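So, here come the structures, one by one.
Common to both upcoming complexes is chain A, partnered first by chain B, then by chain C.
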Partner chain A sequence: MEVTFQQVVRQYGKTEALSGLTLNLDGDKIIGILGRNGAGKSTALQIAAGHLKPSGGKVSIFGENPFNSLFASANTLLVHEGMSFPPALRLNAILGEMERAYPSFDKKLARSLLEHFGIPDNAFHIQLSKGMKNTFNMVAGIAARTPLTMFDEPLNGMDAGVRSDLLQVLLKDYIARPRMILLSGHQLEGMEDLFEEVVILHQGRLLHHGNADEFKEGFARISGPASEVRRAASKVQVLELHETLPGMAEAIIMVQPGTTLFMNEGSGLKSTSVSLGDAYVAMTRKKGGIDRVYADATDSR
Partner chain B sequence: MPINPESGTPIYLQIADWIEDGILTGLFQEDEKVFSQYQLAEQYRINPATAAKGLSMLADQGILYKKRGLGMFVSPDARKIIFTRRWNGVLQEKVRDAITEARLLGLTEVELITMIREEMGGEK
Partner chain C sequence: MSTLTQPTAGNAVINQFMRNLFGRSGILGSLLALQVIGIALSFFGGNGFGTSDGQISINVVDYSANPVIGLTLLWALISPLYLSGRDSLQTDLTFPGSRTIRHTGNVLYLSALVLAGSLVATLAHMASVLFTVISDRPLIMPEGGTAHYASLFAVLTGYCLLLAALSYFAGTLFSVSRIAAFALFALVMILLRVTALNELLAAIIRFAGEGPASMILLICLLISAFLFLAAMAAGSRQEVRA
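And then the complex of A and B:
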C-alpha cells in the first residue's frame, strides 16, 4: 500500500476534523477524494503530505511516516490554495528551486505551460490573482511528477478554458508517466471522468472507497409523473425525492449494478444516470438518515 | 462521437457502442487495429481504465481480439456478432417501443406498417 491511514484522528482544539479515518490506497491511479465542506478532505491530504501531525492513529506513505520525513517530502507534493513560496523569489526562481527539490521536476514543461496560460515568469507569487495563483500551483504540481501528487480543490477561481486545458494536460502527463494522483473537491468541475477510484469522506470518516465507474452505476435518477415516480421508488432505496413541477417528481435512487430498473410501459418515467457530484451529495445529505443509507449500501456488497 | 456523461449509459458502454458503430460503418476494418485505451482516454478526457473497460468488454464478446504488445484488433466475426446482438436486442426493443406507442395512439397494425414502409422508402 502506498498510502495507508489507520484510525487516524485529528483535532483542532475541540473540533475533530478526522474521527478515525481508515483508508488504503494503492497503485498508479487518479483517485477522487470527495466530500462536503468540513468532511476532512484537506486535513487528510495535509497529513498524507506530512504537513500535519495526526492526534491519533497511524499514517504511512510508501511505508514511512510522512511527518518530518525528508523521504516523504521528496516523493509527495500537495497542491492547495494556501501554498506559500518565498516572497523574494520570482516564479522562474521558484521553478528553479522546485527543480532542485524534486528529482523528476520538468522545468521546461512548467515554463511552457505558464507561457500558454499567460502568466509572466518574472512575476512574484503574491502578485497573482486567485485564479492565476491556482493555475501556477497546479502547473508546478503537474511538472513535479512526484510519485504521490495531491491536488486539493485545484480548480478554484479558474476560467472554464484554463480548467479544461489543465485537466487535459494532467491526463496526458499521467498517461505518459503514471503515478498516484489524488484530486479533491466538493465541486468536481469536469474532473469526475478522470477518476479511476473514488473516496468519499463524511464527518471525518471513510464513507465509501471503490471503482468510480461502478460507484456511478449504483445510482439512477428517475423522473416523470409524481405518482409513477413514487410507485417505482417504493421498491428501491431512495436517496432523494422531490417535486419538480406540480404533479411531476424526480428521485435519486440506488440500483444494484447490472440490474435493469423495472418501469411500467407507458408510465412516462425516464431514467438517466446521476453525476458523481450529485451521487455523493445525495449520499451525504443530512435528513433521510445517512447511517441507514450507508448501512444498506454496504450490507448489500 | 460526443460522450454524454448525463445520458443513462455508462461512459465505457458509450465507448464500446461507438467502436461497434465504427465497425458496422466500416471505419474499423477486419483485422485492423482500433484505438488504444490511452488514445480513447485523451480523446474523450476519461480515465484510461474506463476506456479499457469498454475495450475489454468488446474483447469478451469476441468483437475485438488482443495481440500482445500491439493492441486491440477487429476480429473477423465482429460484424456478425454485433449484427446478431443488435438485431435480437436493440432493434427488437425499438420495435416493441414503437408498437406500444402506436397502441397508445390507437393506430392499427396496417397504419404502423404503412408508416414503417414510408420511412424506409423515404431514406433511399
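And then the complex of A and C:
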C-alpha cells in the first residue's frame, strides 16, 4: 500500500477532525477525496504530507511515517491555498527552486503554462490574486510530478476557462506520467470525470471508498409529479426527496448494482443519472435536509 | 509507474541553507543595512567632550565601532525569530525535508551570518581608528594590536551566536507552544533567582566580562549548541495548519 491510514485520529483542542480514519490507497490513479466542510479532507491530506502529526493511529506513505520523513517528503507534494514560497523569490526563481528540490520537476512545462495563463514570471507570489495564486500553485504541483501529488481545493477562485485548461493539462500529464494524484474538494465542477476512485469522508471517518463510475451508478434521480415520485420512492432507499415546483418533486435514490429502474409510461416520472457531487451530498445530508430545518424553524412560530 | 526519489540529508540541508540565503534575503539584507547604519554612526564619532581655558582648547572625540557592534548584536537577537516562526515553517514544508534538516540548515545559515557579521564589525572597529587620521590632530590608537582585534572577533562571535541561539530557541518554542515558552521563561527566572530586570542585567554583565576571550567564546559556543539542540528537540513536533 502506498498511502495507508489506520484508525487515525486528529484533534484540534476539543474538536475532532478525524475520528478513526482507516483508508488504503494504492496504485497510480486520480482519486477524488470528497466530503462536506469539516469532513476531515484537508486534515487527512496535511497528515499525509507530514505537515500535521496525528493525535492517534498510524499513517504510512510509501512505507514510512510522513511526519519528519525526508523520503516521504521528497516524493510527496501537497498543493493547497495556504501554500507559501520563499518571500524574496520571484515566480521564475521559485520554479528554479522547485526544480532543484524535485528531480522530476518540468520547468519548461511550468513556464509555458504560466505564460498561457498570463501570470508574469517576474512577479512575487504574494502579489498574485487568489485565483492566480491558486493557478500558480497548481501549475507547480503538476510540473513537480511527485509520485504522490495532493491537491486540496485546487480550483478555488479560478475562472471557468482556467479551471478547464488546468484539468486538461493535469489529465494529459497524468496519462504521460502516471502517478497517484489525490484531488480533494466539495465543488467538483469539471473534476469528477477525472476520478478513477472516490473516497468520501464524513465527520472524520471513511464513508465510502471505491470505483468512481460504480459509485455514480449507484444513484438515480427521479422527478415528476409529487405523488408519483413518493410512490416510486417508497420502494427504494431514498437519500433525498424535495418539492421542486408546486405538485412536482424530485428524489435521489440508491440503486442496487445491476438493477434497472422501470418507469410506468404515462406516470410522468423521469429518471436521470446523478452527478458525483450530488450523490455524495445526498449521501451525507442530514435526514430531511434543509426543507425539514426550515419547516421546523418556521412552524414553531 | 512513478519512480521514487531517494534524497540525501546532506543535499536537503544544503538546499535549506541556499533557500535561506536567496529566498530569505531580508535576513542577510537587514544585517548589511544595520551594519552600514552602524558604520555611518561610527564615522561621526561619539562620547566627545571639549574644554578650554582661554589658552588651550582640547576636544576629544571617541571614534569607535560600538554602534556597529551594538546593531550586530541586535540583529542576532531579532532575525532568528523570523527564521524559526510558523510562516517560515510553512514555506519550508513546501520543499523536501524534515524538521531536523530544516533546523540544521537554519542553524548553519545563522552561524555563517554571525561569523560574517562579527567579521564585518571587527573590521569596522579596526577601520574606526582610521577615522581619526585627520591632519594636525593627535591620535590615540587602541592597545593590543592584532590580539585585541582577535579577542574582539572571538567575543563578538560568541555573544552573537549565543543571542541568535537564544532567540531561535525562544522563537521555536513559542511557535510550538506559547504556554511552554512562558513557563520555561518563568522557570529560568526562578532558577536564576532573578526577581528584577536590573539583577538580570547584572548577571548578563557579570557573564559578559568574565574570563579571557577564548573562554568566553567556548562558553558561548557550548551554551549556543545546547540551545540550538533544545530548539531542534522542541521543533521536532512543530506543525502548521494550512
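Note that the second predicted complex is superposed on the first by the 287 of 301 C-alpha atoms of A that agree within 3 Å, B and C clash if a C-alpha of one lies under 4 Å from a C-alpha of the other, contacts with A are read in each partner's own complex, and residues count from 1 in each chain.
Convention: a residue touches a chain if its C-beta (ideal position, glycine included) is under 8 Å from a C-beta of that chain, and two chains touch if they have at least 3 such contacts.
The structure displayed is predicted, hence computed values, not measured ones.
By the touch criterion defined above, A:H51 lies against chain C but remains apart from chain B after alignment on the C-alpha atoms of chain A.
When both complexes are overlaid on chain A, the residue A:L70 reaches chain C alone and has no touch with chain B.
Once chain A of one complex is fitted onto chain A of the other, the partner contacts of A:G268 are absent, as it touches neither chain B nor chain C. Contacts of A:P120 after superposition on the shared chain: neither chain B nor chain C is touched. Of the two partners, chain B and chain C, it is C that touches more residues of chain A.
Counting contacts as defined above, no chain A residue meets chain B in one complex and chain C in the other.
Residues 1-7, 9, 12, 15, 18-19, 22-26, 87, 90-91, 93-101, 236-237, 239-242 of chain C are the ones that touch chain A when the two sit in their complex.
By the touch criterion stated above, chain B contacts chain A in their complex at residues 3, 5-12, 38, 41-42, 44-50, 53, 100, 104.
Contact residues on chain A toward chain C in their complex (touch as defined above): 12, 28, 42, 46, 49-53, 62, 68-71, 73-75, 77, 80-89, 93, 97-98, 100-104, 145, 147, 152, 177-180. Residues 29-30, 167-168, 171-172, 175, 190, 192-196, 212-213, 216-217, 220, 265-266, 271-273, 275 of chain A are the ones that touch chain B when the two sit in their complex.
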